[in-house]
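Each remark here refers to the structure printed beneath this line.
Letters A, B and C mark the chains in the order given here, with residues in each chain numbered from 1 onward.
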Amino acid sequence: MNRTHSPLFHISKRASIPWYISWAIRAAAIVAAMLVCALVTMLLTGADPIRIYVTIFQGSFGTVRKFWVLLQELSILLCVSLAVTPAFKMRFWNIGGEGQVLIGGLATAACMFYLGDKMPSGLLIPVMIVASILAGAIWALIPAIFKARWNTNETLFTLMMNYVAIQLVSYFCNIWDRKGSGIVGIINPNTRAGWFPVLAGRQYLLNVLVVAVLTVAVYIYLRYTKHGYEISVVGESERTARYVGIKVEKVILRTMLLSGALCGIAGLLLVGGTDHTISTTTAGGRGFTAVMVSWLAKFDPIFMVLTSFLLAFLSRGSSQIAQNFGLNHSFGDILTGIILFFIIGSEFFINYRLSFRASSEKEDGSHA
Amino acid sequence: MLETLAFYINRAVQQGIPLLFGSTGETLTEKSGNLNLGIPGIMYAGGICGVIGAFFYERGAAVMNPFPAVFIPLVCSLAGSLLMGLLYCFLTVSLRANQNVTGLAITTFGVGVGNFFGGYLIKTSGSSVASLALNATSAFFRKTLPFASKLGAFGTVFLSYSFLAYLAVIVSLIAGILLRRSRVGLHLRAVGENPATADAAGINVNRYKYGATCIGSMIAGLGGLYYVMDYASGIWSNDAFGDRGWLAIALVIFTIWRPDTGVLASILYGGLYILSINNILPTGGVGAVKELYKMLPYVMTIVVLVLTSIRNKKENQPPAALGLSYFREER
Amino acid sequence: MEEKTAAVMLRDISKSFGPVKANDRVWLDIYRGEILALLGENGSGKTTLMNMLSGIYFPDEGQIFVDGREVVIRSPKDAFDLGIGMIHQHFKLVDVFSAAENVVLGLQGKLDMKTVGKRIREICDAYGFEVDPEQKVYDMSVSQKQQVEIVKVLYRGADILILDEPTAVLTPQETDKLFAVLRNMRDAGKTIVIITHKMHEVEELSDRVAVLRHGQFMGDMLTKDTNAQDMTSMMVGHSISLNIQRPEPENPQPRIVVEGLTVRSIDGILKLEDVSFTARSGEILGIAGISGCGQKELLEAIAGLQPVEKGSIRYLHDDGREEELIGKDPLTIADLGVSLSFVPEDRLGMGLVGSMDLTDNMALRSYRRGKGPFLDRGFPKRRAEWVVNELSVSTPGVTTPVRRLSGGNVQKVLVGREIASAPKVLLTAYAVRGLDIGASYTIYDMINLQKEKGVAVIYVGEDLDVLLELSDRILVLCSGKVSGLVDGRTTNKREVGMMMTRLGGGKSE
């Protein structure tokens, strides 16, 4: 409205953009980010950029074991991202993934701890599965109920639920550990009760397979089912949803149950399939990283394979840099941060058009 | 008995001050409609930048002078958190990125920066333990009024803190008055509530968002500085700051976006923490119960959040435009 | 009457939005110390003209003189500096702020709420407003909010006030109060422009009236020298023949019977009061009325989207069974076998999802079909293809997001979907708004086809010429009440126009 000083450029929303341009913009952002990362690393280590890139690559693909660690990291992160995605598609900002994963893990650990010597593995594992799914689902349902009924801010609510979960885990860690250090240690180290079976000699294979199945399942759920369709409609426009008779509250509750259940499964995989223990850092910030993975992939489960690969790859690569160049492991967070900033920023150029003004005489055509 | 009580109140206040800085900063930020989930990272950055400043001053200076010893870390801390705030604003305000995603990325980055440079300095200093001690600088930061200790319980409760602690209280009170009483505060609140109306009234929405978020970040960063220089006596060890940043965000909700209420609320939060770690609250002989006590601040925050939404009193709601980016041409 | 000086003179003002000429070489004089009514139908360019005076738009051509001096108004601030303030239809207020805080929002200088409150009280006392400076906006009625907006403008020192349809949201009592205040302001020397299309308001309030039609200035005169008939003719013009077909209804049977329908908005405003009528199969029932007279609420009440205070809406099946629709949501209504289609006014905000493609938008109505958890996209896809072919929607394909289509094509998709389910009742709200002539006729043809199939059509429209040629019967609403029910074949534009602007058409007065 203010035409007295017309700005140098004008920002307008793009109606659409061909997919190849949007991906070219994202690719350019990643390349730019990699350049900056190399520069930062050079400044701190004095190493030449080629060596840095090679090291990053080695972090994931250097040895067979490293590759499996990458796959494991990727699959767990992907699992949490899959979990939060249905909620995001509904425009429900579930940033409580961290807590929901932890509670799922806690339920798993509790089953292993209390029932490990009371029932055979064939029964114990199904019990763990059910317990973790229930625990995660309930944890997610609590904020959803308040959102649906009283429109309580879900971002803040789910955020707080994370720390309630962390303290709950901390409590049980102290209960279960009789030495007083608050560290549980490996549960059932001798009987291996509740440990997931090792497939084909690869400890992480089962996790990878489970997440692969979940990825396809979530993709199909969001894309091809009536529920998935309702989620999209509610997310795009609540008014349209009501116009066609969709019960918005019901969709919120149902979707958050699913979201929490999937987080519970991630907790199950972490405790039963990977760590065989529980601590307050079991979720390891993945609940938060998953928010970024899901958003970067535009809430599409297939693209999320790529974005979670990117983040897992970076995290492994920068650990490798840290190790090879004698830096500490937090270096990875810095590089991850830099790359995220570039990708987040690049979305602007996909969604908006910058047009520079040739003359200031032109109307900016804003309709009040 | 009185002495003991005074001692615990003193500890509760010291525990609460970093939270107070954080929540005051975040409240200002949220009042502009920016939900900055990067605050935990920014507090780390504020802390480590102060540590870096102090580290190099301690190494470089032959004789330690009180003024530069305080001034250099202070400026470094402010500059570090300002940069983080600017980055957040550039992404969310200028580039209109999603606030949650940006905030979480800032936190990842900030915690990374803190721990990385922390680790780097620890290594450089050749310390045998996994921490860096800046005792000399810290001593200046921890200076209290000379006569405080002579005034008994009164002195312990009210006068025995360093200047940063008083600064936290003063900043919170000023922020409270500013928000409620001043023209700038009125305009800021309008931006967070209804940016389109503010824009129509001739208020520069982006300028207010940038201003509030950057100043908010600087204030929050001081929380990190206070923690390491005063509370931790100048000892930096990685991850020691813990989840205080998230507690600060909880505090914002708990105080229903009122920085001046934060003064007492932060002491309450700090007090709960002190009471639980010192086994004063009943645990029934089970040490683990104190972990449940640490849950209390978050549970209380949830209760406040739920109650305010059920009562639906308009003044007590989050700013109406919280978390949304503003684009004039979007109808 | 003494000679009055023109405070504002508009000369040859033109403004276009794309191909639409909103104002075409408009001349207008506004005199100091009088109330000018700017009269015209919806879309006649009244608001656009005044927006140029208040700095929202900038004219393409023409000159503006204030107190004889040519001025350039580029922003609302420029307008304020010239003493011009406008009160828009959509209030720009911060809900959680007090009246006083809203009034001073955006001003500079030290904030002293005591002085502000005192000045606001002075303004209130001077003109008879009832604004409590301390009261929060969310606690206020619409009328109070409007008063705050007026006080806001006065506080900034405006002496030329423009009010855009200020009574649209008010009850009759509130309107009376507002008029009293406006008269006080006029008597204190302020200049007031009120944009309206209600005849009785013009007669009751204004000193002078200026009429716009299709963006052109039709003339102005002293209110006391004219009468409602003349003004209505000036406003609506002569009937233009549009050559829209109107087949004779075949064997019309009652389909929807509405009795004593009363609806209140969330703010407690009475939107519909004791509305009764019958919509018949094979017939188009036109609903005429000034915008915001309850048309939206009427349609949404029938569709099960609007809570109803009292009354009944019955649906009559072919076999004579009856269903009460009130208190049922759209799904329940559909489950009763009531096949009802609704083309809402807000196409992309309610009727369609802009980011979804044609197929998925078709699925909005049909996605529940079939057993099992999976969505059958084959059916909506075939339907989308049918709509595209049948209504010649110009689109790259059925996988294009509807947001990318032009307005006319978006509407074809929406109407197409709604009639594809072979409804018994078709509700349409402003079905041709924003469409070009060609697209409009396509829509009329579609509606007529439905009528011939025996559908009971309820057509809410704003263009009287269209209503007169398309409808079999016309129900005229005025401020939420039924002002009259006339035969579309025998009535004329003036009769309907009078009924729209005054309850019962003013025959009793």
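Simple rule for what comes next: contacts are C-beta pairs under 8 Å (C-beta built on N, C-alpha and C of every residue); 3 or more make two chains touch, one makes a residue touch a chain.
None of the values given here were measured: they were computed from a predicted structure.
Of the two chain pairs examined here, A-C and B-C, the one linked by more C-beta pairs in contact is A-C. Distance from per-chain Cα centroids to the pooled protein Cα centroid is smallest for A. When chain centres are defined as mean Cα coordinates, B lies farthest from subunit C.
Distance between chain centres (mean CA atoms), subunit A to subunit B: 27 Å. Centre-to-centre, using mean CA coordinates, subunit A is 46 Å away from subunit C. Rounded to a whole number, the gap between the C-alpha centres of subunit B and subunit C is 50 angstrom. Multi-chain contact residues of subunit B, defined as those touching 2 or more other chains: 200. Residues of subunit A in contact with at least two other chains: 1, 367.
Multi-chain contact residues of subunit C, defined as those touching 2 or more other chains: 76.
Contact residues on subunit A toward subunit C in their complex (touch as defined above): 1-4, 15-16, 224-230, 232-233, 236-237, 239-240, 242-245, 363, 367-368.
The residues of subunit C lying in touch with subunit B in their complex are 76-77, 92-97, 101, 104-111, 113, 136, 138.
For subunit A in complex with subunit B, the touching residues are 1, 11-13, 93, 95, 146, 150-153, 155-157, 159-164, 166-168, 170-175, 180, 285, 288-289, 291-292, 295-296, 326-328, 330-334, 336-338, 340-341, 344-345, 347-348, 351-352, 366-367. Interface residues of subunit B facing subunit C in the complex, by the touch rule stated above, are 181-183, 186-187, 189-190, 193-194, 196-198, 200-203, 314-315, 317, 320.
Per the touch definition, subunit B reaches subunit A in the complex via residues 35, 37, 87, 90-91, 95-98, 100-102, 104-116, 118-120, 123, 200, 238, 243, 246-247, 249-250, 253, 286-289, 291-292, 294-295, 298-299, 301-302, 305-306, 309-310, 312, 318, 322-323, 327-331.
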